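Pasting the structures in now, so scroll down.
Paired with chain B in one complex and with chain C in the other, chain A is shared by the two complexes that follow.
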Partner chain A sequence: MSDIQVAVDEVQAGQLVSDAQALLGTQSRSGSGSLGPFTASWSASAGFSGGSVDLRAPDIVRISNMNMNFTVGIGLSIDLNDFLPRLCIPRICIPIPFLPDICTPRICLPPWPTIPVGPVNHSGTVNFTTDFRLLASQSGSNWNVAIQIVNIPSLSLDAISALIVTGLIGAVSLALLAVPFIGPLLALAVATIGAVIGVAAVTGLLGPILGLFLNGLSFDVYQQPQVQQVLPNMGPNDPAVSIRISALSAQVLVSDEDELVLDADIVPA
Partner chain B sequence: MSLTQTSGVFAGVHEDGINDFVTAFFNSRPRYLRWGSPAFVPATSISETRIPAIPPFNIEYLVELEQPRLDLYPDTFGFGLPPGRNQFSLEIKVKLTVGCQSKPRDPKDDNIPRVEPISTDLVLCARGHFERQASELVLIVDDVVIKDIRPESLGVVLSCMLRMIVQEMLRDLRIPYRSVFIGIGTLAPVGGITIDNDTASAFANIV
Partner chain C sequence: MYTLDSRSMGPLDCFVQKVTEPGDLVFEIRKSAAGFFPMEKDVAMRVKVKANKASRAQQRTSGKQHSVPVTYSDGEFQAKSLPRDLVQGDAILFHQADTKAPGFAVVGQMGKTEFSSTELRDQVVFTHPFGLPGRYQWVDANGSGVGGVIVVENEPATGKDGAKRAIERMSEGVVVHIVGNKVKPKELRIATGQTVFFAVEGTDGITITDVTLLAKDKKAN
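Let's turn to the complex of A and B:
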């Protein structure tokens, strides 16, 4: 039997998780990835909130309907030469009797530019349910009890991706308007580029971005120093009294209620 | 039956854990185990506590206690006063020394009485319970007896004296709920403290 056993019911375990979500705060990442045929650069941030806790023996904390609140910014560079024909005035020859033809040279406009698009920012929330495993460990001079994600859940992103696609196509249209001589080809360019930036392409980019925030996701539900002061210093003859937590473990116990249980051994410090 | 019962958080401190808190207290503050009047303890320090001599004859005395060990219900250690439900018991070896004035004051001497210490060893048995006072677990002594002492009335007299010392000794041995619950969350205590299965049980809610 351990020296101290602390049990927390499911409702209050939910509060520990909520506090841990707030403690983790907002994480940020950036990188680049494929968006259809393009390489997109992106930056993203995400935080977590909500969810209901279901404790499952021997060491699982299932959180249902947890929110991942994220902001993602996606930027592209599009080489218009990949989508538009080069504009040229062909060579024209005028035949003149008894003399050589008079021909104009073939005149081409300069190649189409590469245009920057975005970044297009989108903030949203994606909701998921997944299992976390209880892990007690020493970290420096602290004891930590964390819940660590077991499997990365599959996220429903198509609705969010559709909104991002709309934003990206709007940004492409805006960027094309600034391109000289594109007038007659504007509709063609928007349609061609829009066809390759589809929902599937955005989901293919967004899924791995959000997956980075879920991979190894861990919330510290308990973090305390190994040496804990029991009584403060009360003067020169009464120094502080402290104990040290020498061992700590965490589990889920099931009776008529599911409880998160910490077992601690202590020694005088 | 769940551990938390109707509260949100439960802490069960086994008697071994309680005794770790007790050891931590006396390791840091050994003065609570040695109480003496000025001839024995000129000044209170970290290792001893000065108390007044007994008037009007200025009887000098010294009480040295071994560190107590607590036994939570049910009886584990076979102490003289076994704990009842919701009680703890403890046994302390006590060395009681009286400063016996072996020769009268003599103005020709240095005017300081010669005190010859004479000692006896006693075993004090006590029984008590835990109370929650605000957010602290405190030890309350209910009964004290001196083991194997005759006549009985002498035992009663010494018990009364030692009970006062033990109460004083335990007065400052308070265990905050923060420590009982090893620092989990910010707590609002709920209800009192019960003792059963060698374990003190406390309840709270995380706020």
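Let's turn to the complex of A and C:
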């Protein structure tokens, strides 16, 4: 039997999670990854909100319909020589008023440039349901109770990826417009490059990016100092009284309603 | 490389001079910044031009083209090979293909007549392909008032064989004929990648220069 027991129901546990989400705030990451045949550089930030809590014995907090609100910027470089043939202006012969015929030589253009595309920024929300496990631990002079993600959920990203694909292809088209002599090959270039920046390619990049924010995700739902004063100093012969939480455990107990229960043992400090 | 300026020719441009005088044709190929320097005849390249008994009018509508490929190495431009059997009434085309070379200019003299790519005077052609869509206003940087407009548009190249059709269009040249201070046509509409042949006659020495470059020149000064 523990010295102190604290219990909250699912509604109150939901409030603890909501506060913990706000406390965690927005996280930022950046890196690079494969976008089809390209290497894309990216930066992303994400925060969490919402969700309904379902407490499951013995130590699981299931959060349904939690929102991951994210912003991602994706930029890439495209070496056009990987897609387009070397272009040469053919020999042109034409009569001039003072020459019966004049012919320019075949003039080959320099290799195509490598064009920067983006970054294309997209903000969105992805909704998921997953289980978190209760963990009680000492951290410095505090006791912490956190919930830590058990499995990274599968995210449904295709609709978001489709929007990003549209943005990327728009950015590719814009970048191509500035390339000299691409005019005759513009439609071909957009179509060819667009074909390899598909939804699957973007999902293949976006999934691991968002996964980084979910991997090891934990929310601190409860934090207390190990040593706490319970009675103040009342006089020269009546000093302050403090206790130390010597042990703390967290679990889900199922009775007539599901509860998140903290059991604490205390000793005089 | 892609700018329109006959004063500084790039690997996409060509310069053609009709050889109107017999005797020695002397020329130098230089970095464009030195285009206005006097010619050093003792180090210039020299070609013999045979006299043509045909009348000037006949010579105007006849003549063969000779090409002078230009190379760039050790900071100097050189003619790779000089034309032989040059006859009065023929034309010489200069082109250098090195995309890493700086802009170049051709200056020369045939008989007493001087010619230069930096000052297009008589029976001379400057060619330039346009690589980007837009409205290009060209002027004579020497201030004669001669000028015109080239409107370049991306041709729709979609559908079956669209790119092929658009590339074939690149082989169709268009002539702008400048006689004195008259330009015909004053405004021209072409597809991206097409080459314009500026054929110049009877001027005091003009340039074909994108007007936006002159604005930059003024700012630089």
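Throughout what follows, the second predicted complex is superposed on the first by the 240 of 269 C-alpha atoms of A that agree within 3 Å, B and C clash if a C-alpha of one lies under 4 Å from a C-alpha of the other, contacts with A are read in each partner's own complex, and residues count from 1 in each chain.
By definition in this document, a residue touches a chain if its C-beta (ideal position, glycine included) is under 8 Å from a C-beta of that chain, and two chains touch if they have at least 3 such contacts.
Since this is a predicted model, take the numbers as computed values, not measurements.
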First, second, both or neither for A:Gly140, with chain B first and chain C second: neither
Which superposed partner A:Leu186 touches (first chain B, second chain C, both, neither): second
Partner chain(s) touched by A:Glu259 [first = chain B, second = chain C, both, neither]: first
First (chain B), second (chain C), both or neither touched by A:Leu109: second
First, second, both or neither for A:Asp101, with chain B first and chain C second: second
Chain C versus chain B, contacts on chain A by residue: B
Touched partner set for A:Gln15, first chain B, second chain C, both or neither: first
Touched partner set for A:Ile89, first chain B, second chain C, both or neither: second
Contact footprint of chain A on chain B as seen in their complex: 1-4, 7-14, 16-17, 20-21, 23-25, 27-29, 31, 44-46, 49, 172, 174-176, 178-185, 205-206
Chain C-touching residues of chain A, taken from the complex the two chains share: 87, 89-94, 96-105, 107-110, 177-178, 180-188
Of chain A, residues touching chain B in the complex: 1-9, 11-12, 15-16, 19, 222, 224, 228, 230-231, 234, 236-243, 245, 253, 255-257, 259, 261-262, 264, 266-269
Interface residues, chain C side, partner chain A - complex: 1-2, 11-12, 14, 16, 18, 60-63, 65, 67, 69, 91, 93, 95, 97, 99, 123, 125, 127, 129, 131-133, 154-158, 162-163, 166-167, 169-173, 175, 177, 191-193, 195, 197, 199, 201
